[in-house]
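Dropping a structure here in structure tokens format, bear with me for questions.
Order of writing sets the chain letters: A, B, C and D. Residues in each chain are counted from 1.
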Amino acid sequence: MSARPTDIMIKCLGSFIEDKDYVYHGLDSLLPQLAMVYASLYLKKDFIYHSVAEPFLTDPNQVMVRPSTGDPYSEQGNIATVTTIDAFDIAAKGKMDLMYFGTAQIDEEANINLTAIGNYDNPKVKLPGGAATAYLYPIVKKIIIWARHDPRVLVKKVDFATGNGTTRINNNLKTILCTNKALIEFTKKGPILKAVLQGFNIDQVVSNTGGMKIIVPEKVDTINALNEEELKIINKADPNGLRYEENYG
Amino acid sequence: MSARPTDIMIKCLGSFIEDKDYVYHGLDSLLPQLAMVYASLYLKKDFIYHSVAEPFLTDPNQVMVRPSTGDPYSEQGNIATVTTIDAFDIAAKGKMDLMYFGTAQIDEEANINLTAIGNYDNPKVKLPGGAATAYLYPIVKKIIIWARHDPRVLVKKVDFATGNGTTRINNNLKTILCTNKALIEFTKKGPILKAVLQGFNIDQVVSNTGGMKIIVPEKVDTINALNEEELKIINKADPNGLRYEENYG
Amino acid sequence: MPTSKIMSLNEAVDLINNGDLITISGMTFFRNPMSFIAALINSNKKDLSFVDREPGFGLDVLTAANKLKMIRAAMATFEHFGLSPSVRKAAERKQVDYLEDTCGAVIAGLRAGAQGVPFMPVRGIIGSDLVKIHEKRNTWKIIKDPFTNEDIVIIKSIEPDVAIIHVHMSDEYGNSVILGPKYEDELKIRAAKKVIITAEKIVDKEELKKRNTEQLSSTLLHVTAVVNSKNGAWPTAMYPIYEADYKAIGDYYNYAKEGKAMEWISNNLMKRWY
Amino acid sequence: MPTSKIMSLNEAVDLINNGDLITISGMTFFRNPMSFIAALINSNKKDLSFVDREPGFGLDVLTAANKLKMIRAAMATFEHFGLSPSVRKAAERKQVDYLEDTCGAVIAGLRAGAQGVPFMPVRGIIGSDLVKIHEKRNTWKIIKDPFTNEDIVIIKSIEPDVAIIHVHMSDEYGNSVILGPKYEDELKIRAAKKVIITAEKIVDKEELKKRNTEQLSSTLLHVTAVVNSKNGAWPTAMYPIYEADYKAIGDYYNYAKEGKAMEWISNNLMKRWY
């Protein structure tokens, strides 16, 4: 059993994978990588596993996390190599179903900022960059974002829109945020609280933002702690708990 | 020994290959294919042999002609496969040195027609099409054209300019015509007779055109019949004389 | 793994709609999907359009069988044998609408289709009379490069409705491998709306895994149908498995020149596959 | 065959001119041409610009050694370890001009470079604040598709002066093979004006011939120099030959965060290659 927010986040991230989905993760995506393992081995979702590491149809049983999620040694049992170029062309043709993005800031319109805190030309913090964000954000059917639940992260307006959320929402593309406290869906009305992670209450979620107003509907679910079987599956791919070093609790 | 025009044409076509050249032949190019073998094995030219068949660095000793010059079985000893797409990108970057084109008509400005005799929309003869002609004609450094020496072929003005010669000539790109009677170079002044094939005289060359005026300079060379060694090399790659069925004599 | 996409030739033919734009694998006498073409001839599909760079045997047979209303190609030839007999006749008699293209432009159009973009710039071409033909059809344009203001040709995206690609091996889901010459086949796979793979052999995951450091020619994401078809390219070649049957191709050529292409097709191609 | 292009690391470094735009092979901790980067750090080359999609270790080391005046990348990260330590510092202190890009645009720019065309259209992107940044720099534009009149982003061609690509095997002329993940390396090879291949092993023609039905990653037509460099990617990985040395990368990260990157580089990277 694990009630650690990190583990519940993995469960949350994995829950959006459906049968037949083409699912892709990028660099620095330890939680999504484990979420894909979880969706396959625990939820028994029959999806197409691909990533920036480029092995195609990785065997989720053989995934073993490393400090890079672009490491081909961490995703084995593949049938051949398919490049990221090829994956992105598939996305450009509208055939990528789900992609995960981390972010440093996210606002009420689901704009995300992976570029810089402060001004682009004069950054307070130079972030690593959005990678495929700007490119894929308007295109991929479902985008699942993971982020720290923190007033610096959940803001009224991002400093820089690396990915443009307005376009996604106007086009009715599913846009989800999993934090280490809550699950939030972005809609034309704004961000709606769908669930809290076990151990947190609604007030801890809505009060811990930097201006982002989260709509609280009548019914808010709870995402439960992981049972033994769930935890075992994640531990097998991450026996040394690399995931906890990402500091989501 | 051979004084057959077909064989002298092969010698003529091969004589434009220089050391280090990247040389490419297309489909339906039996004479160029044999010219490449000749340039390598008789003239000892050290060039890069590639073709639409896609084997890369074919061993000229292992070339064996077939009814298609796109047949990978005819060009073996290669080190790997390099696609035509890749070859054409190399050409687009200005790095293809020599390409051979056949033609049904050629005019004084080196425009060539592989599209239709008569009107495009109402053709008297529907020709096979220019393949890479339109694309590569303005780009490749040296283009060597082979054609029948016939009034229907060497015309004043082509019915349709599949390849635009004016651009080539204005850009000082080498543009050569080898017929079964003569070797002609296209210049800003017009087509200049550089040599006649052994067995033909200047009058037979200049009078056998359909309006194309060929400039005759003071000195006109003769391309001699093939010696035993030259013929042996060509016969080895074409033991059954498939080349003579192309009807160049 | 997702559902198997294995089906019969006839089931695969049913993926084609009347009026579709199709493209096929290979070049003149090489790796044409001939078993599929036989099945297509045997069907009541009609009014198809056809696009390819340098087609030969497969195209001529489809033309002889009166399956095509439009052909777009950079070259259609029987090489040493002569002009593509049925294509030439149909074009001269205006039984098909023939649009001549050029290699670089066909590749560029397929590249645009594969990348999901509306057009693709390409070098060369300017000055050819083909420009006028294509401008009239709205398939090419000459524009000013917005960065340098120089003239450049752009080709409108080519997205065939169906690509039929004969490969060396495929699994039942459409993860496939082409060995040796590839021509534009991997682009066709990526540009087409539906892809039908016909394969010399159907392999399992373990067989493909041996290639884990090599690229796939198609993935299950690209492919709609997989047909098991040993010797499916005959009489065209399948390097390095089997050579072109030039005797058969020559026979066909002679029949077709005499207007008897369908006789040869019935007695040879159809008999082989039905 | 043409002249051999085998040379030493130092001779290959001399192909780079001060101020050149360079690109390197691989991704974060994978197949970076580290032996070459060591030689470059050991040289007096300076004021280089750098372009890549998702660089990591190699870029940070070059930045720490003060070789770069400009960086263009979609992401520069040390992933689980944290932000790319020297890149972050240099960008925040404005010691380098940092231009953030996005994956699809970097790929599109390299595609244009590889195809010899002045620009390349690409999907997505519209709406991102990156558009304004790139429009100001004249590296991207939004235009109307001349066929449909819809908005589309076009990327100006990226043609690096030099691409340095670490491969699994190459012959002495530059006919080379990359196994497994390729990233954009084959595009970089085709887009760059000069290509330096560093290879785990130099093979002869007979060894390459075994691959006669497979594609080459580079041909002698693309390549300027070939350097024999076993383990040349260390401490980054060379799948399937050797793994990333995360211990070394983690050490470097800690040194670099404390401003002591050059100490680690001298004691480890330089010692290994000099």
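Quick note on the criterion: contacts are C-beta pairs under 8 Å (C-beta built on N, C-alpha and C of every residue); 3 or more make two chains touch, one makes a residue touch a chain.
For clarity, every value in this text was computed on a predicted model and none was experimentally measured.
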With chain centres defined as mean CA positions, report which chain is farthest from chain C. A
Separation of chain B from chain D, taking each centre as the mean of its C-alpha atoms, in whole Å: 40
How far is the middle of chain C from the middle of chain D, if each middle is the mean of its Cα atoms, in Å? 36
The distance between the C-alpha centres of chain B and chain C, rounded to whole Å, is 28
For chain A, write out the residues touching at least two other chains, lowest number first. 55, 81, 83, 92
Multi-chain contacts in chain D, i.e. residues touching at least two other chains, fall at 115-117, 122-123, 180, 182, 212-215, 239-240
Under the stated touch criterion, can you name all the chain pairs that qualify? A-C, A-D, B-C, B-D, C-D
Listed in rising order, the residues of chain D that touch chain A in the complex are 27-30, 53-54, 56, 73-77, 79-81, 83-84, 87-88, 91-92, 98, 100-105, 107, 122-130, 133, 180-184, 187, 237, 239-240, 243-244, 246, 249-250
Chain B - residues contacting chain C, complex: 27-28, 30, 52-55, 66-73, 81, 83-85, 88, 92, 114-116, 120, 123-139, 160-164, 166-167, 242, 245-246
Note which residues of chain C are touching chain A in the complex, please. 1-2, 114-117, 171, 175, 177, 190, 205, 208-209, 211-216, 219-222
So in the complex, the part of chain C that touches chain D is made up of which residues? 111-112, 115-123, 138, 141, 143, 145-148, 150, 152, 154, 156, 179-180, 182, 212-215, 239-240
State the interface residues of chain B toward chain D in the complex, per the touch definition above. 20, 22, 46, 48, 55-57, 77-83, 86, 89-90, 92-95
